[in-house]
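In order of appearance the chains are A, B, C, D, E, F, G and H, and numbering begins at 1 in each one.
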Amino acid sequence: MSSKQRGSQPGFTDLGFAKVDLDRQQRCGNAEVIFGEGKTAQQIISISQVLHDAGQPILVTRSNLEVYEEFKTRFPKAVWHEQSSIITGQPLKLIKKKKIDIAICAAGTTDLRVAEEAALCAQFWGLNVQRHYDVGVAGLHRLLNSMDAIKTARVVIAVAGMEGALPSVMGGLLSQPIIAVPTSVGYGVGQGGQAALHGMLTSCASGLTVVNIDNGFGAAYAAFRIIKGS
Amino acid sequence: MSSKQRGSQPGFTDLGFAKVDLDRQQRCGNAEVIFGEGKTAQQIISISQVLHDAGQPILVTRSNLEVYEEFKTRFPKAVWHEQSSIITGQPLKLIKKKKIDIAICAAGTTDLRVAEEAALCAQFWGLNVQRHYDVGVAGLHRLLNSMDAIKTARVVIAVAGMEGALPSVMGGLLSQPIIAVPTSVGYGVGQGGQAALHGMLTSCASGLTVVNIDNGFGAAYAAFRIIKGS
Amino acid sequence: MSSKQRGSQPGFTDLGFAKVDLDRQQRCGNAEVIFGEGKTAQQIISISQVLHDAGQPILVTRSNLEVYEEFKTRFPKAVWHEQSSIITGQPLKLIKKKKIDIAICAAGTTDLRVAEEAALCAQFWGLNVQRHYDVGVAGLHRLLNSMDAIKTARVVIAVAGMEGALPSVMGGLLSQPIIAVPTSVGYGVGQGGQAALHGMLTSCASGLTVVNIDNGFGAAYAAFRIIKGS
Amino acid sequence: MSSKQRGSQPGFTDLGFAKVDLDRQQRCGNAEVIFGEGKTAQQIISISQVLHDAGQPILVTRSNLEVYEEFKTRFPKAVWHEQSSIITGQPLKLIKKKKIDIAICAAGTTDLRVAEEAALCAQFWGLNVQRHYDVGVAGLHRLLNSMDAIKTARVVIAVAGMEGALPSVMGGLLSQPIIAVPTSVGYGVGQGGQAALHGMLTSCASGLTVVNIDNGFGAAYAAFRIIKGS
Amino acid sequence: MSSKQRGSQPGFTDLGFAKVDLDRQQRCGNAEVIFGEGKTAQQIISISQVLHDAGQPILVTRSNLEVYEEFKTRFPKAVWHEQSSIITGQPLKLIKKKKIDIAICAAGTTDLRVAEEAALCAQFWGLNVQRHYDVGVAGLHRLLNSMDAIKTARVVIAVAGMEGALPSVMGGLLSQPIIAVPTSVGYGVGQGGQAALHGMLTSCASGLTVVNIDNGFGAAYAAFRIIKGS
Amino acid sequence: MSSKQRGSQPGFTDLGFAKVDLDRQQRCGNAEVIFGEGKTAQQIISISQVLHDAGQPILVTRSNLEVYEEFKTRFPKAVWHEQSSIITGQPLKLIKKKKIDIAICAAGTTDLRVAEEAALCAQFWGLNVQRHYDVGVAGLHRLLNSMDAIKTARVVIAVAGMEGALPSVMGGLLSQPIIAVPTSVGYGVGQGGQAALHGMLTSCASGLTVVNIDNGFGAAYAAFRIIKGS
Amino acid sequence: MSSKQRGSQPGFTDLGFAKVDLDRQQRCGNAEVIFGEGKTAQQIISISQVLHDAGQPILVTRSNLEVYEEFKTRFPKAVWHEQSSIITGQPLKLIKKKKIDIAICAAGTTDLRVAEEAALCAQFWGLNVQRHYDVGVAGLHRLLNSMDAIKTARVVIAVAGMEGALPSVMGGLLSQPIIAVPTSVGYGVGQGGQAALHGMLTSCASGLTVVNIDNGFGAAYAAFRIIKGS
Amino acid sequence: MSSKQRGSQPGFTDLGFAKVDLDRQQRCGNAEVIFGEGKTAQQIISISQVLHDAGQPILVTRSNLEVYEEFKTRFPKAVWHEQSSIITGQPLKLIKKKKIDIAICAAGTTDLRVAEEAALCAQFWGLNVQRHYDVGVAGLHRLLNSMDAIKTARVVIAVAGMEGALPSVMGGLLSQPIIAVPTSVGYGVGQGGQAALHGMLTSCASGLTVVNIDNGFGAAYAAFRIIKGS
C-alpha cells in the first residue's frame, strides 16, 4: 500500500484500511460497532485496539469462531456468543430492572439467529430484553398468550421470515413503536427474505417501520435511539 | 384474413379468430368462459353466439360497460355486473340452500372488485356464497367475529392485497381447503400484487394454494373443481 | 350484493363493503384513517359517517378534488389539502408549543407531496412539525445550515427520492430516531422509488428505519407511536 | 438466553426456542410437521419429544442423513426416506384400498425429489397415492397413456420445473382439483423455479392452484384439506 | 439542429435524424423496415421517400391510423392494415403457390395482433402463410386437429401469451424449425409477457428459438432467413 | 405551509419549497440546473427568478410547452427547444471554434430526444458538439463512415436504446473517454432501458462509463467535468 | 417406491423414474438426449441402456467426470468430452465434407464451455462445424477477418456473455439464420447471463432468434431443425 | 478441437481458444488486459506469452494464488498482489511525481478489494494514486478531512457498497470528473451491489458516471482515458 497519512485526526484514528470513528458515541449515542463480515481477524483486532485505547466498548457482529480464537489471544476477556455470531470485548452484564424496555418477538425457531443479534446488541447497550420466540401467526394462540407481557414493553421488535405476517398482526393489537425485521428464512419465492421485507413494508397495519433483511443489529440500534430520547 | 377452414370441427367451432371449445364442459366441468380483456365487442358477441347456439351458458369476465351496451343489442337478457366487470347471458338465479358452500373473505374494501369476480362466477356455476368483506388482520376482532360462519363452509377463498397476510392467519385456524387470491391493491413495493402473491406462497400456514394476482375467476373455478368432486 | 349481516358488532360497524374499526384508537392510539385510493366517494362518505357518529375524527388520505367536492356536500366543514391530497373532516388546528416534536426533512422540491402527507397527518394527531425542505446531499451546506434546529426534534422523518442518501448522512450526525421515507421521484433505475428504498435499507448509518415508498402517512404514524410512549 | 417462561401453556409447550403447537391437529386436521431446514438435530429431537409425549405422530421434512443418525439414537424406530429427505417417527404403513385418492404427476426425472416429498407426506396422512413420473409435455403420448388412471383420482398434484407446462395441459383435460408445484429444476431464466411458477400462475387452463417452488409438502397438505372435507 | 453532413454516402443516405441503410437488402436479404414507434409522421415519410427513390419497398410497423392519414397524402397507394398496425407502401400481392411456407399458430384470440404482424411481414417478403389461431393447450384437440396441415410447413411460428406453453407442446410433435413469440397478453405475473418469454426459453422441448415479447416482425424475419437459404 | 425561515442564507436562497443553491457554480463548475419534471410552472419561475437575480444562467430540463408558455410571460427572451424538452433563459449562442469538443453519437432516430438533451446542455455550457445520429451497429458502415470525425473529439457520448451495443463497438475503436447513455427506447425485455443499461455496464470494451437511463443531461455534465479540467 | 406399471408402452419404456421416449427421433428428428444435471449415474446408465437396446445413439450433456467413470464400466466405448462436459456413447466420427454447415462463433475464451456444447452436439448429429472463437466486438478486426468463412455457412450460432453484442453486429452483416446463445459469463449486472439474454432479444439487428442462457445444446438442435428441412 | 486457422493474423495472434488483440494499445491506449476469471492457468500463460513476445506488458486481473504459482514457473519476475487478486508480469514501479493524478476513495474497509484493483491498474498504467479509505458518509468528518487533498486530483474514483452514497456527497463538493464504483459489499437488499449501483445512477449530484459492480479495473481504465487526452 502507498503514501497515506496515518494516526490521530480530529475525531478519528486512521489505520490506512480504516478510519476509526471515535466521536460517534457523542454524535449518535453509541460507539462504533465493528461489522465483522469481510474483515480479516487482524483488521478487527486493530480496530478494536483503537476503540479499547480510547476507552470505548468493543462489539463485533457477523463474526465467526475462527476470528474469535485469534481475537481472544489479544483480548482474553472477550466472549463468543454463538447463536448471534457476536464477539463482545467483555462479558455482558445483564440488567435486571423491573421495567422492561424491549420485547423481541420471533415468528419461528429458524429466525432466532437474527432475533438474538438484536437481543444481544440491545443488552450490550444497557437495555432490558423480553424474548418471545416461535409466536408466528400460524398458531395465533401462542402470540395472544404473550400479549399481556408485550404490552408492557416500550418498543417492540418483530422478527419474521417467510411471508413476514407477524408485525402486521401485532401492529393491529399494539400502540407502541414496532420495528419489523425480515429474515432470509424460507425458500422458493421467499428465499433471501424479499417476500418478508415487502410484506412488512406494505403492511395493512399502520406505523410499522422496517430494517434490512436479517438486520437484527439495526433494529436494536433503532430501539436504542427511541429509548434514549424518551 | 386468409385461407382458413372455418366452421364446425370435432369438439369446437372455428371462427377464424377463435376456435370455440364446445366440449370443455364435458372435459373440465364448466363451459368455456370468455375472457373479455383485449377482445372487441364483435369478437365477444360472435363467440357468445356459438355458445348460445350450442345451448351453453354465457359468462364474460373483465368486460366493460361499452362492450355491454353493444352486447345487449344482440342478447337483450344479458346483465351487467358493475363491481365485478362481468356480463352474464342471463340474470343470475341465486341459490338459497341451507348448506353454504364457499366462504369468500376479503381483507379490505378495495379488494372487492376481485372478491366479487370470484363470488359472481361461483354463483353462476350454482354454488352458494358467504361474503365476509374487510376482515383484514389489522383488526383481528373483525375476522374472529366471522369465524364461526366461515367454519361451516366447504371451501374458503381468501382475497387480500398489500402484504396479503389474511390467508396465513386463516390457515392456522381452519381445516378446510383455502384458496388465496393476491390483489394488485397497494402501492410502492406492493404495487401490482407481487408482495401479496409472494407472501401467500411463502405462508407459514400449511396447505394454502394460490392463484394469479386479481384472479377471482380462477379461485372460483378451483373451488368448483373441489366441490364438484365431493 | 348478497346475504351479509350488517350493523353494529363488538368493536366495529359492518357496512357490507367495510367493517369500520371503532376501537382502533383504543388499541393502537389513533382512530381508523381512510385510505382513499380505490374507494368511491360514496364508500368514503359512508365510512366517514360511521366514524363521525362514533365521535371519532375523519382523515382521508390519497384522495382527489372530485371526491372532495362530493364529500363536502355531506361534511361542509371538511377541508381539502391540495399538496398532500388529504381531506380532513375539520379545519386543522395548528399547535404552537415551544417544544417542537417532529422534524420533517425533504431532499428535493418534488418530494414535497410525500413530505406534506407526513406533515399534515402528524399535525392532525396533535404533533408539532418543523419543515426542512430541499436539503438534499448535493448541496450539503443547506442541510448543515438546518442541523441545529433538527437536533432539537424528538423524531426525524427524512424524505428522499432518487438515490435516497439524505437519511444516511443524517444518521451519522444525529442520535434521535430517524424514519426514512423513499419517494417515487426519479426516472430510469430510480423510477418507482426502489433505488431510494434499497439505499435506505442498506444505509451505512446505524439504526435507521424505513417505511414503504411514498408512505408519508406511515412515517407520521410511526413517529406518533414513538412520541405517544415517551 | 434470558428470562423466559417455559413449560406447558394452553395449547402448546414452550421450549424457549420453540412453542410446539399441540392443538393444530384439532384446528387444521394435521399435527405440526417439523420443517428441518435451519434447525439443529438437537432442536428437532426436542420438538419431536414433545409431540411424542403428546401422542402425536412425528414427520420431519427437509432433513438430512446426519440429522437422522443423531435422531434415531433417541427414536430407534424412525425411518430415513432418502429421495424425499424426510424422517418419519415410525415406518410408514401403506394403504392398499381400491379407491385411489391422489395422482402425483411429475414432468421429469429430476422433479422426483419434490414429487416424492408430496407422495410421502400424503401417505403419512393416510392417503393413497398414484405415481406418474416423467410425463412432461415434450412427449405427450406418455402423459396421454396415463390419463385413464389419472381420471380416477380425487385430486391431482402436477409437479414440473423448467417452463412448467404440465399442469396447463392437464387442466384442459381434467375436471378434478389440480395443485401445481413448480420446481427449481432448470438453468438460465428457469433457475430457481420462477419460470415454472409464473407459467403455472398464468396458465390458460382454468382453476389450477399453485404452491411455492419445491413445496411438495404444501401440495400434499392442500390435497389433504380437500379430501378430508369430501 | 446543427452542422451535420447530409446527403448520399456509400451505402446510405443521411437525413440528419436518420441514416437510411440502402444496402441492407444486399447484406441481409431484406430492405430496411421502418419501426414506427417513437417516430413522427414526417420522419417516417422522409425515410420512406429515400427508400422509394432507391426503388426499395416500404414497410412501416407499429404505426397508427393518424400517421397513416398523413402518410397517404404523400403515398396514395399505401395501405393501412389495422389488426397488425402496419402500413405497406403498396397493396400486398398474396402468393397462392401450392407449397405452403410458414405456419403461424396463435394460442388465443388476443394474441392475433402479434400473429398478424408476423403474417403480414412474411407475406410482404413473398412467403406463403398458413394461419392457425386459438389453438392454445387448454383445448388440445383444437391444436391436434390442425397438426396435419402444420406438418407440411417449412417453418413454424408459435405465438402465445400467458404461460406460453404452446411451443413446448408443438416442439415435442414436430421436426421443423419452431420460432416462439411470447406476447404481452395476460395479467398479474404474466403482465408484460415475461412469464411466456421465460417459459419458452426454458422449454422442455428441444431446439426451440425465441424472439422478444410481441416481436411478430422479428419472427417473420427469422423465418425469412431460414427459407431464403433453403 | 408553516413556520419556516425564508430568504437569503449563506450560499443559498430559501423559498420554502426550494433552497436555491447559489454557490454550486463555484463548487461544481456549473450553476444549478432546474429539473422540470414534477415541478409546477410557478415553482420553476420562482427558482429561475432567484438564479436570474444572482446573475446566473437559467436552464430547465424535462419541461413542456405548457410550462414554457407561462414561463415566457415572466422571461420573454426564454427559448423552447422542442426535441430536447428544454427551456433556456436566453437564446443559445453556438460556438464555432475549429476544435470540436464532444462527439454525440446516437444509435437510432428514436434516441434523438435523449441525444439532443445532451447536445443542448453541452452547448449551453459552451462546448462545441458534433452530432452523429442513426449510427447503430445493425449498419456498421454508417458508424465507420463517421469514425474519422469522431476520433478528433475530446470526449464521446454514445446514446443507444434496445441492446445498447453502440458504446461497446466504439470502445474497441477509440482511446477517448466514452460516456454511454442507455435510453428507454425498445419494447418487451428492453422496455424502460434496463437491457441497454445492463449491456453498457457489462461491456466487453474497457473503460466505458455509464449514466442513468435517458440521462442526456448527466452525460453532458460529465463531459463538462472532463473538459473543464483538461 | 410404490405401485407403478413398468415396462414397454406404445412409444416409450417406463423405468418408474423415467419414461424413455423411443419415437422422438421419428417425431422430432433426433433421439432423446439425456440431460445429466440432477440425475444419478445409475439413472443415466439405465436410460442409456434403454436407448442402446433400441438401437438409438447415446448423448449425455451437463455430466461430469465422476459420472463418466461409472458410465464407462457399463459402456466401455463411451467418450468423455471435457470442455463441453458431454458423454457420447461412441467416439465421434467427424465429417469432412467440403460444404460447411454451421459456423459457431464465440465472443470470448470463457464462452467456450457453451460453444463447445453446441459444437459437439452438432457434430454428433452429423453436421459440419466451423469454429470462430474470441471474436468479440471489442476487437472488431478479429471478427471481420473471419467474415468470409462465416458467410459460407448455412446457419450461424453466435455465443456471447457480458453484454452479448456479437449477434447484433453479425446480424447486420449476414443474411443467414443466426441463433444467439447468451452465456452466464460476466459479473455484477451481467451475472447469470441476463444482460446478454436481454441484449440479444432486443437487438437492433432483425431476425435473430435466441435460446436460454448457456444452452449450447438447444442452439445446435435448432440449427439441426433448420438444416434437416433444407 | 477441430479445423481452425491458428497463428498470426493482421492485428492479432490466433491461439484457437483466444485471438490475442495486439493492436489494442494503438487503438485504445492500453494493451490487452487478461481477465483471469474462468480461464485456466494454461490459457492465461499462453496469452501472456503472446503479449510478452510482442513486447507488451502483462496484467492479469481476478486471478488467484494457485494460478500465480503456475504462472511464475514460466514468468519468474511476475508478482502476486493479494488484496487486489492481480498478477503483474513485472514488479510495479511506483511513480513519485509531485502532481497527483487520481484520488481513489473507498467508503469502507470491505470495499478495499475493489479499490485496490483500481489503484493497482492505474499504477500499472503510470498514473499516480492518492488513497482515501474508509471515508463513508456515516462519519462525514472523515471525508471532509481528506477534501483538500482530493481537490488537487485530476480524476476521482469513488468506491462504495451498501447504499453507495459516497459519490453523491462528493459530487456536490467537487468539480472534477467522478467515476463511481458500486461494490457487492452488503447483505439483504444490498447483496450483489444492486442498491449501490442504482443509488449511484440516480444520484442527485450532477455528472457522475458509473461502472459495473466491483469493476475497479474499468474505473481505472476510464480514468486513464480521461488523463491520456488531457
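The rule we apply is simple: contacts are C-beta pairs under 8 Å (C-beta built on N, C-alpha and C of every residue); 3 or more make two chains touch, one makes a residue touch a chain.
This one's a predicted model, so the numbers in the text were calculated from it and none came from an experiment.
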Repeat of the F-H interface, chosen from E-G, A-D or C-F (over half of contact pairs identical by residue number): E-G
Superposition of chain A upon chain D: rotation angle, C-alpha, nearest 5 degrees: 90
Chain A and chain B: spacing of chain centres that average the CA atoms, whole Å: 45
Distance from the mean Cα position of chain H to that of chain G, given in whole angstrom: 35
Where chain B touches two or more other chains, by residue: 24, 138-139, 171-173, 188-190, 194, 197, 201-202, 206, 212-213
Chain-chain contacts as defined at top: A-B, A-C, A-D, A-H, B-C, B-D, B-E, C-F, C-H, D-E, D-G, E-F, E-G, F-G, F-H, G-H
Contacting residues of chain B [partner chain A, same complex]: 107-108, 136-140, 162-165, 168-169, 171-173, 186, 188-190, 194-206
Chain C residues touching chain B - in the complex, by the definition given at the top: 1-4, 9-12, 16-19, 21, 23-24, 35, 37-39, 43, 182, 184, 192-194, 197, 212-215
Residue ranges of chain D in contact with chain B within the complex: 24, 27-30, 33, 154-155, 171-179, 197, 201-202, 205-213, 217-219, 221-222, 224-226, 228-230
Chain H contact footprint on chain G (complex, rising order): 94, 109-110, 112, 119, 129-135, 138-139, 141-142, 145, 185, 187-191
